[in-house]
Amino acid sequence: MSAVERLLSRAVKEISPGSIVNLGIGLPTQVMHYLPENFDVQIHSENGILGAWKQAEPALMDPFLIDAAGAYVSLREGASLFDSAVSFAMIRRARLDLTMIGAFEVDALGNLANWKIPGKFSPGIGGAMELAQKTKRIVVLTTHTDKHGNPKILKTCRLPLTAKACVSRIISDLAVIDVTPQGLVVREKLTDISNGDLQALTEAELTFETGEAAHEFV
Amino acid sequence: MSAVERLLSRAVKEISPGSIVNLGIGLPTQVMHYLPENFDVQIHSENGILGAWKQAEPALMDPFLIDAAGAYVSLREGASLFDSAVSFAMIRRARLDLTMIGAFEVDALGNLANWKIPGKFSPGIGGAMELAQKTKRIVVLTTHTDKHGNPKILKTCRLPLTAKACVSRIISDLAVIDVTPQGLVVREKLTDISNGDLQALTEAELTFETGEAAHEFV
Amino acid sequence: MKKNRTLENAIAAIPSGAVIMVGGFGNPGTPFSLISELVRQGQTDLTVIKNDANEAGHGISRLIEKRQVRKLITTHIGLNKLAIDRMNQGAIDVEFHPQGILAEKIRTAGAGSFGFLTDIGIDSEITRPEDLVDWKGTAYKVEMALSADFALIHAAQADWLGNLVYRGSAINFSPLMAMAANHVVVETPDLGAPGRFKPEHVHTPGAFVDSVVPLESLTSDYGILEHHVRR
Amino acid sequence: MKKNRTLENAIAAIPSGAVIMVGGFGNPGTPFSLISELVRQGQTDLTVIKNDANEAGHGISRLIEKRQVRKLITTHIGLNKLAIDRMNQGAIDVEFHPQGILAEKIRTAGAGSFGFLTDIGIDSEITRPEDLVDWKGTAYKVEMALSADFALIHAAQADWLGNLVYRGSAINFSPLMAMAANHVVVETPDLGAPGRFKPEHVHTPGAFVDSVVPLESLTSDYGILEHHVRR
């Protein structure tokens, strides 16, 4: 299993039966493909869908039905379609139980930066700010380090924030880390990485729980 | 023809083909019954109807379909039904061409008072304020005097205003009067009432046009 | 996850002192069965938000008659002389808003916003100086969002997920209130399995709905009011 | 009164310098035919308001490529490298808003209001001190209404009165823009006589629509984008 597959397989377990979930662009949208076919969940897409599901069979793909990432989704029974104002009303009214979201940086206070790298990347905010600020629970899915091996889990975010103190949990390819008032607490990690090695790949200070923390997370 | 019938028959002529019209509670709602069956008009009702029409046949009356006055209306082909926010968006965005509205008092500046008599009558504002303030054209339908014979067309309204300077035209049982920058101008009147007699029943000063003004208005 | 509840359980969640939005413009859309159960259970000190006060003996007028209502936020109660009398006696506090402003205040809460800037009534006695803001050189009236603890809604049809379809003029305030209240209770005579609605036809997505109460039948309250039939 | 117009006449009403809202989130809902005619007629100095910039070579990207656009008000243009390059070169002015805030600014204009109070982004760099109002002891961000001279809308179905029905995810910004623009132009491949829609199924009532352009067929622009199909 690749690092990304491991991360996505773990991410699926974050979704409680009966919940309403938004899957942000990037790693989170890929979580959809790991969901069991009959799992009781309603996927929200901010372009106006509640009840989006996996890509439609080729013969059933509808060019007038995409999710916010551009995928030709299908709809589950009980789906509804609505305008963008209603879609974001649902978000701002905290009717979503969970948003999984990507990150450029996330920090020990649960601050999230995922929309802008000044001078390099500024394609716009999209729906991220409202999702991050208003969803009941935000889980960040991210590789533990960037492609150069630099930590993405920081003491303090340096990039412009998407939202302050919004993240509840971080799932990387190496560990499951909770943001707590006492800082970052490792709940699960790969068995073949030591506490010291994980800390070395993380700028923020980590606390290691005994018990669960010792277990392989997938 | 009674005074009210005369007023309502004249009021029908205010409605241009193809227009969108709201008929306020009281005399205006009765205008509906004077409209020719195939007349090209869309009646707006602020409780969420565009395309309301005359009372349904008894067998077709729907207890879930009333207009804002409580009548069991029918719907014309091309009607739409929507929520109260959309209904008043339509009003505030001035998508209505005409509102006919009742009055306790109307004055030479086009001010309208029709919602409250302090200490006597204050059932609430309803939709009148937004209709009066935002419809492109407001035509007041009113008996020329109240039941005690006192003028309702005043120099200046004394009751709390519904909206300032909103009225374009007044149609009473005796005359058709326009609100102009030069004051009230009588466009049509009953032939059997003299200019002097009409002025005597009107507190505001009237100007009498020659030509049309001499004609019977029905 | 099924949102089905019994009438008794759904209403038992409402405590005395609650702020309750009630759908309906006149009879259509009024959730008479939910209201009847609230009358039966007898919660008091309620703040009720509804377009009108129904007519004496019906709908929320029964709550007013049983002195369960402390305050009514509404647009027009002209069809209910009893409610006007109670207001004039000082037995209930009544707060009036222009109809579209009430709708928009509710919708603003439903959109997760806090208020909006308008010019409706800005020159009238309903506007006090302290309601005005000067924003970059222009004066606006600030209308604050109106939310509620509960909304009581009648839907023509629903599914177990809480997706709602209204009909006729019974839409009115219901979709707005379903967005604005923290706990949304819906009654419907026609509850079915998810998949029954074309997704584009759903008026209120199930995300906004907490409890759905199936009604076995509709009482005479939901029928034609003979005194509103023109002869 | 029939609102039918030809493609040419409907677009000829738009002058250079106009502010134009364009429906669509990605491809679904983008009025490609109206945009193509606007490219052909060549109006310039346009301000375009759309969720995104479509993809290079398609939709409003063609207006940007032909230098007809002075300013773009949008939420995310990450799928259009060409638009990002033009922005970085300073060839077009781009104003970004959070997606739901853009929707709500448009909807606020559509409701005939002037602005709304929010807390979205209040702690972020998108909020400047001069955007904040202190209202009765609480700080809110004021987001002003966003209106337009024209809206260009794609509807799945329409009738001569301008009643519109959308489908799929092509609803998105269209009903909001239809309310907010002063002149609303709709293209549809399926135009019929009034009476074809159940009144409860109409998404945009005809009162908001000025011109309806029937399309004889849909070009390949409206089809599946192969590079968005997951293999």
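When the chains are written out, they are named A, B, C and D in that same order, and each has its own residue count from 1.
Going forward, contacts are C-beta pairs under 8 Å (C-beta built on N, C-alpha and C of every residue); 3 or more make two chains touch, one makes a residue touch a chain.
Just so we're clear, the structure is a prediction, and the values are computed from it rather than from any experiment.
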| item | value |
| --- | --- |
| If a chain touches subunit C and subunit D alike, it appears here | A, B |
| Distance between chain centroids, defined by C-alpha means - subunit A, subunit C (Å) | 37 |
| Chain centre separation in whole Å, for subunit B relative to subunit A (CA means) | 57 |
| Length of the line joining the C-alpha centres of subunit B and subunit C, rounded to whole Å | 29 |
| Residues of subunit B engaged with two or more neighbouring chains | 81-82, 85, 88-89, 91-92, 134 |
| Subunit D, residues touching no fewer than two other chains | 104, 107, 111-113, 119, 167-168, 171, 200, 203 |
| Touching pairs among all chains present in the structure | A-C, A-D, B-C, B-D, C-D |
| Complex contacts: residues of subunit C adjacent to subunit A | 1, 110-113, 159-161, 163, 179, 193-195, 197, 199-200, 202, 205-208 |
| Partner subunit C, residues of subunit B touching it in the complex | 45-49, 55, 58, 61-68, 70-72, 81-85, 87-89, 91-92, 122-130, 133-134, 160-164 |
| Residues on subunit D engaged by subunit A in the complex (per definition of touch) | 25-29, 51, 74-79, 84, 94, 96-101, 103-104, 106-107, 119-121, 123-126, 156, 167-176, 203, 222-225, 228-230 |
| Residue ranges of subunit D in contact with subunit C within the complex | 104, 107-108, 111-119, 133, 135, 138, 140, 142, 165-168, 171, 200-201, 203 |
| In the complex, subunit A residues that touch subunit C | 17-18, 20, 40, 42, 44, 50-51, 75-82, 85-86, 88-96, 134 |
